[in-house]
Structures are given as structure tokens and as C-alpha cells.
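Take a look at these structures.
Shared between the two complexes below is subunit A, which pairs with subunit B and subunit C, respectively.
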Partner chain A sequence: MEIEIERNLVMPGDVVPCPTGSMPGYGTYQNEVGEIVSNVMGYPAMYNRLVCVNSLRGCYIGETGNVVIGRISQVGNKRWKVDIGASQEAALQLSSIDLPTGEHRIRSEEDQLHMREYFNHNDLLSAEVQSKSQEGKAINLQTRSSKFGKLKNGMLVVVSPNLVARMRQHFCQLNNEVDIIFGRNGWIWVYYNNTNELEVPLIRRQQIVRISCLLKLMNKALVMISPEKIQQVFERTSDIELEDLLAESTLERIKDIDAVE
Partner chain B sequence: MEELVAEAWSFSKSFDKTASGSAYLESQSHKILATVNGPKEYYELSSSEEYVRHSQATLQIESAHSQFIKSAFGSTILVDRYPKAVIEIKIQIIEGKESTALPLMINAATLSLLDAGIEMRDTLIACSAARNGEKIVINQEGSPQVIVGYLVNTDEIVMLQETGGIDQERLAELLRASIDSCKTFFNYLQNNFN
Partner chain C sequence: MTEEILFYGFRQDGRRPGELRQIKIKLGVVDNSSGSALFQIGHTSVLAFIHGPKQTKHEKESGHIHCYFNTAYFSSSGERRKFSKGDKKSNEFEANVRTMFESVVLMENNPHSDIDIHVLVLADDGSVECAAINAITLSLIHAGVPLKDFLVSCSSGFYSGMPLIDLTYSESTSFQVISEYRVAVLGKSLQIAYLNYDDIGGHKLTPEVVREITAMAIEGCKQVHFIMKQELQNACSN
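Our next item is the complex of A and B:
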């Protein structure tokens, strides 16, 4: 459960006002006197006894079970290195992917030779955070489900990771037209999900660009991103031509969307 | 009480969407840009000799006075929170003298680090105080001069540079003046950062 302490911006080094017996969480540390001190700029929040500071911007801190989107940066011996926008690159082991044939077996040397066929350098993929190392920085990924894997027929939008909250469904469809994958690392994949057609039709491509523009606007206006919010923004801006969507005047229209609910 | 002369200045942040954090600082005599990239994976690791780099972040600073800036931020940024990573800080003086730019460069770097959301022990603010005839001037040329890098909340000096002959009494006076203006600076920052 989240309790807001005070909606006051704290700077690094500021003491976070909190009841005695609180423990320092992320974005904070304890000084010599025992006070809890912020180490980022942001708004403090309290989860039971844990005091945290949510920074306004900042890189992604992984959590087990998060859906993320990443880009392969290295193909190694038995693992891939994946850039997910965190302070370190995540690792995807050969043993934690689904083979295209769907078999379940121990990976052989034969599989190691085929690694570039599964995921090659610069490929985009969706995955889940399987585990984090002890000190909490090294991240392991897995794609052991049919919904994860290589991405195609779409467009990547990178927003602030703080704007993508945990939601019931990270894979969703908007208006029966465009599919979206919300990565908790702030990378959002907007795509056309139809395996029968080889090429994405023009109208779908325009819809994908439209949603991508809306996501960029929401990022600029610091609006929390969720399927419902995108739907609202979509309705509010439906009369604007695609070419004029990224103008300042559109930004004004969606600024108050968090307040309306 | 001696007269203080200080320059007015302003800042803006997040102008560069491709960097993790950025800030622009402008005073009457200087225009300074700072961008921060990272923390991101540090590739140039050689396994044995640079073992330290595995346990903490490396700071890469590209600017004038980079040694001073590195030593000041090395003790402020919590580098052990970012193992195997690199944080790049680039500071450019667009306008103004390089010799007097150091405090403003540090402030610009602090702003961009805040913008990037990088974990720091405290907010580092720098100021210079110098004597110009009978007056004490802040962030302006003069001799003797001290440049102070100050952690406002923990009340610590992490960087100190002196030029010109300073006796004990003068030093205390200049230090007090620069620390005071660091605090004022910090308050201004806190009220205007949004």
C-alpha cells in the first residue's frame, strides 16, 4: 500500500520527513545520525515502513516479473546481452528462451550455433525480468512464453520509465486496430498484430504513427501512461490531422488529463 | 558588513531529449551547456587490472577543468550504486571566459545530474568569492579568489581552489561569503526546479 508523505519535492541530501522506525528504500540512504536522506530529486512515498523517493526521471530499476522491451547488443557464447535502458545491460540465457520448434530439452552445442537465428544483433524483443542479482543491478531476462519474443511490424517509443505503472495487462489492443506492448522500462512497442499479411497496410501504419505521437506527447506532458489514458487522449485529439499532432497546441489539450479521471 | 556583488543567472533543463539529463545555465558573463549520459554499460573493461571498475561506476568528464570537476563529483555521486556502468558528463562553455567558468560549470553539471536522476549523496553547489577592491564579488573576477564546491545539506566542502595570496582572515571571510551564496543558490534551485 502506498502512502504519500508530503507532496514536496526533495533534492539529494534533503532529509525525508518520516515517522520513526521507517526503513530506507530506493532513492534514499541512511546517514550517520539515522535520518533517512534522499539521494535523487523527486517526490517521497511510503510503502508500509519503507520510505522511497520516486525520481522524476532516471534510468530503469528492474523488478522481477516486469515486462520489458529491449534491444540485443551482444551475442555471446550461451547468452545474449540486452540493452533495456538500465544502468547495466541485462542477460538473456540461451536456456531461458522458447525454441521456435516449441520443444523442451537441454540446449546443445548445436543450439549455440543457431543463436543468431533466434535473436541477432540489434533485434528488438519483449521479455520478462526473471531475476535480479544480489546487489540488485544485474538483470536476467526470460522469454519462456509464446507472447514474448522478437518484435516486428511496429514502432518503438521510448518514454520515461516512471510513467509506465504496473498494469493488469501489458499486452493490449486499442480499438481493435493497433496492438501495444508496455515495457516497464519505458520502452513501448506499437505494432500491427496480424501474421497472415506480409505487409502492414497504409491505414494501419498511419494508426501506429498516430499512437506513437500520442505517447510522445503524453511523455512530454508527464501524463501516466495506460491503455485507458491513451484511449482518452486519442478521443480528445481525434479531430487533429496526423501532421499537426506534435504541435504545442495539442500538448495544452492533454495536460489536464490526469486531473479529469 | 561588506558589500556583496553577485551576478544574476537563470537555468533551464531537459532541452536535449536524447541525453539522460541536460541543463543550460546562463549568467551575465557566461552561457554553459551540460549533458549527462548514462548510467550505461561500460565496455572497456579489462578483467584483471581494473577490477575496481566492476564494483563502481566510472565517471567520464569532457570539459575544461575536468580534473577538478571529477574530484568534486567523484565524492558526491554514489558511484557504488552503479557497478560496471559509466556516467558521461559533458560541459561546454558557449560564451564567457574559461578561467572564471568553473563554479558555473559545476552548477550546470549538478543540474543535469539531477535531471538525469542519478543518485547523489547531496546537492553539490559551487561558488567563487573574490575580493575586488573593498567589495567581495561572487562568481566574478578578482584577486585573491576562492572557488568552493559545497554540499549544502551535509555542510561539507568537497572542492577548494585558491588563487592569489590569501591570509587566514581573508580566507575565512571569502569562505563565509561563498558558502552563504551557495546556500542562497540552493534555495533558489529548490524553489524553481520543476
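Our next item is the complex of A and C:
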């Protein structure tokens, strides 16, 4: 249960106001006198006796079950290293992927030799956070579902991870036109999902670019990102030509949709 | 140079001896970085930006801070120098920044991650190192890197029985001023984290003078800390 304490912005080195007997959580440390001191800039929150500070900015901190998007940075022995924008690279074990043939069996030496065929260096993929190490920093990924895997026919947009909240569906479709995957690490994949056509038609490409521009704008204006919000922003900017979409004046229009407190 | 340093209690730019120059702060000036800040004090302006925390080159290696100090070659108000990279002064400063910030940044929160700090001096009108330290602190906070406390810095000097704060270029290069004395302290506890001094006039520092100019510089640090906190608060509220 979250108990709100004083919602004042705290800075590194500030003592977080809290009742005695509280314990320091993330974003805080205990100083020599025993006071709980913030170590980031953000708003304090309290969970039972645990005092935490939610940082306004910062890199992605993984949570089990999160959908993320990453880029393969290393192909190793029995595993891939994936850059997901966290403080450390995540690991994807050979045993935690779905084989393209769909069989369920123990991975052999043969599979190790074919690792580059599944995911090669610089490939983009969607995955789920399977577990975190004891230290809480090293992340293990898995793609054991048909919806995860290599990404194609689309465009990557990187926004602040704080703007992508947890939602019911991280894979969704906008206006029956463009598909989106929202990675909780702030990486968003905008793509065209049609297996029948080999090439993405021009009109779809323009739609993909348009949605990408809107996401960039929302990132600049600090608007929480969700399918409904994108729809709202889309309607407000529908009269603007694609070329002028990233101008300062467009930013003014969407600023009041929802500011992050 | 025989310029007046103090004239009826006022300095060359019209300040009192214990008065800081105007401070301007801008956050998020470099797009492709985790955090960035521009710190301007008078005509001195320094840009700092952070890359990371990111994975170290070799797994299992403990993380470090790396600092890259650069001076734009149009920045100096004195003679134009071609490059400052790799000279003794900037190498020394890079090493100092590394040790200073490794004690302030809580590295155990990101045990196997490196942090790269890039500093670019855009305009040099004295107290560059102090402005750089302040800019780095701001950019680390902007990047959301866990810090024990603010690290704030201010310079001071001594001229005919009077301590001066926040020296300009012409003051710090004057032979009559005991300069440039640089102090960095932790914002809350005011513990001294860094103390440096280089004098071109060949003056001898006496214990009394040291005491006075250190006190003056710490007073300046307090003011800088207050202004930095206020500016950060403003930047977040809108």
C-alpha cells in the first residue's frame, strides 16, 4: 500500500521527511546520523515503512514481466547480450527463446552454431523480462511466445522510460492501420503488421513516420504515452503536414493534454 | 598590468568583494545524452554532459567515472590557444574530477556500470574549474545518477587585506591578487572535497590568509548551492 508523504520535490542530499522507524528504499540512503536522505531528484513516496524517492529521470530499471525492446549487442556462447537502455546489458539465453520450428527440446551444439540465424548483431527484438539478479541490476530476457521475437517493417522511437506506464496491452493497433509495441524501457516500435505483403506500401510508411513524430513530440512535452493519448494527439495535429510536425508550434498544441506531475 | 583591482570598494565589473556574478543554468541542452547542463557565471560558460550509467567494457569489472575535459579554442579571453586537450592542466583536472565524483556518486547502486563525463568550456572568464564542477553536478542530477549530495564549487582570491570571491579572468591573472584559490564542498555538510591553488604573482600564503579566503569561498559555495537548487526546482515545475 502506498502512503503519500509530503509531495515536495527533493534533491540529492535533502533529508526526506518521514516518521521515525522508517527504512530507506530505492532513491535514498541512510546517513551517519540515521536520517533518510534522498540521492536523486524526485518525489518521495512511502510503502508501509519503506521510504523511496521516485526519480524524475534516469535509465530503465527492469521489473519481471515487463515487455521491452532491445538491440543485440553481442552474440556469445549460448546467449545474446541485449542493449535495452539500462545501466547494464541484458542477457538472452539460447534456452529462453522459441525455436523458429516451434519444437520444444533441449538446445544442442547444433543450435549454438545457428545462433546468428535466430538473432544477429544489431537485430532489434521484443522480449519480456524473465528475472533479475540478486543485486537487482543484471536482467534476463525471454522470448518464449509467438508475439515476441525479431522486429521488422517498422521504426524505433526512444522516449523517456518514465513516460511508458504499465498497460493491459503492450502490443496494439491504432485505427486498424499501424501497429505499436510499447517497451517499458522507453523504446517503442511502430510497424506494419501484414505477413501477406512483402513490401510496406507508401501510405503505411507515411503513417508510421507520422506516429513516430507524434511520439517524439509527446516525449518532448512530457505527456504520458498510451494508445488513447496517441489518438488524442493524432486528432489535434491531423491538419498539420508531415514535414511541419516536429516544429515548436505543434508542441504548444499538445502541451496541455497531460503534464507529468 | 597595473589595473585597479578595487576602486572605492568596488571591483572592475562593479561587484562588491563578496558578491558573485550572475548565474544562469540550463538543463537538457544536449539531446543525445543521458543528462546535460549549461552553467554560466558572468561571462564564463561551461557545458557538461553525461553518457551512462552504461555497461563496462568487460563484464564483472567494477564501474568507473571517466572525464573528458575540452576547451573550445575560441573560449579564452586572453590569447587564442589551438587545443587544450592533453595539456598538463586539463589532465590534472580530469583526474581530480574522477576522484572527486567517485566519492560523491553512489557507485554501489550501479556496480558494473561506467559513467562518462564530458566537459566543454565555451567561454573562459575566470573560475572555469569551479563552473565545470557545478555543471557536472547539475548534469549528473539531470541524468538521474544517484548522488550523495551536491558538489558545489567557488573560487576566491586575496587583494590588499581583502578577500575577493568568484574571480574574473583579469583578476585571476593580475600579479597583485593572490589567486586563484578554488574550493569544492558538499552542499549540505560543507565538507571540503577539493582545494586547489595556483598563483602567478609568487605570493606567499600565510595561515590567516588561507583561513580567510577558504571561509570566503565556502560562503560562495553556499550561495551557488542555493541558486542551483532553486533553478532545478524551477526547471522541474514547468
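FYI, the second predicted complex is superposed on the first by the 248 of 261 C-alpha atoms of A that agree within 3 Å, B and C clash if a C-alpha of one lies under 4 Å from a C-alpha of the other, contacts with A are read in each partner's own complex, and residues count from 1 in each chain.
What we mean here is this: a contact is a pair of C-beta atoms (placed from the backbone, for glycine too) under 8 Å apart; a residue touches a chain by one contact, two chains touch by 3 or more.
Predicted, not measured: the structure shown is a model, and the values here were computed from it.
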Fit or clash between subunit C and subunit B when superposed on subunit A: clash
Subunit B versus subunit C as contact partner of A:Met11, first or second or both or neither: both
Touched partner set for A:Gly21, first subunit B, second subunit C, both or neither: neither
Touching partner for A:Ser55 - first (subunit B), second (subunit C), both, neither: both
Touched partner set for A:Gly102, first subunit B, second subunit C, both or neither: neither
Contacts of A:Gly34 with subunit B and subunit C, given as first, second, both or neither: neither
Subunit B versus subunit C as contact partner of A:Lys137, first or second or both or neither: both
Footprint overlap on subunit A, comparing subunit B with subunit C: 9, 11-14, 27, 29, 37, 39-41, 55-59, 87-89, 135, 137
Subunit B-facing residues of subunit A, complex: 9, 11-15, 27, 29, 31, 37, 39-42, 55-59, 73, 81, 83, 87-89, 135, 137
Subunit A partner contacts - residues on subunit B that touch it in the complex: 14, 20-21, 38-41, 57, 78, 81-85, 114-123, 151-154, 186, 189-190, 193-194
Contact set on subunit A toward subunit C in their complex: 9, 11-14, 27, 29, 37, 39-41, 55-59, 87-89, 135, 137-138
Sites on subunit C touched by subunit A in the complex: 34-35, 52-55, 106, 109-113, 141-150, 186-188, 229, 232-233, 236-237
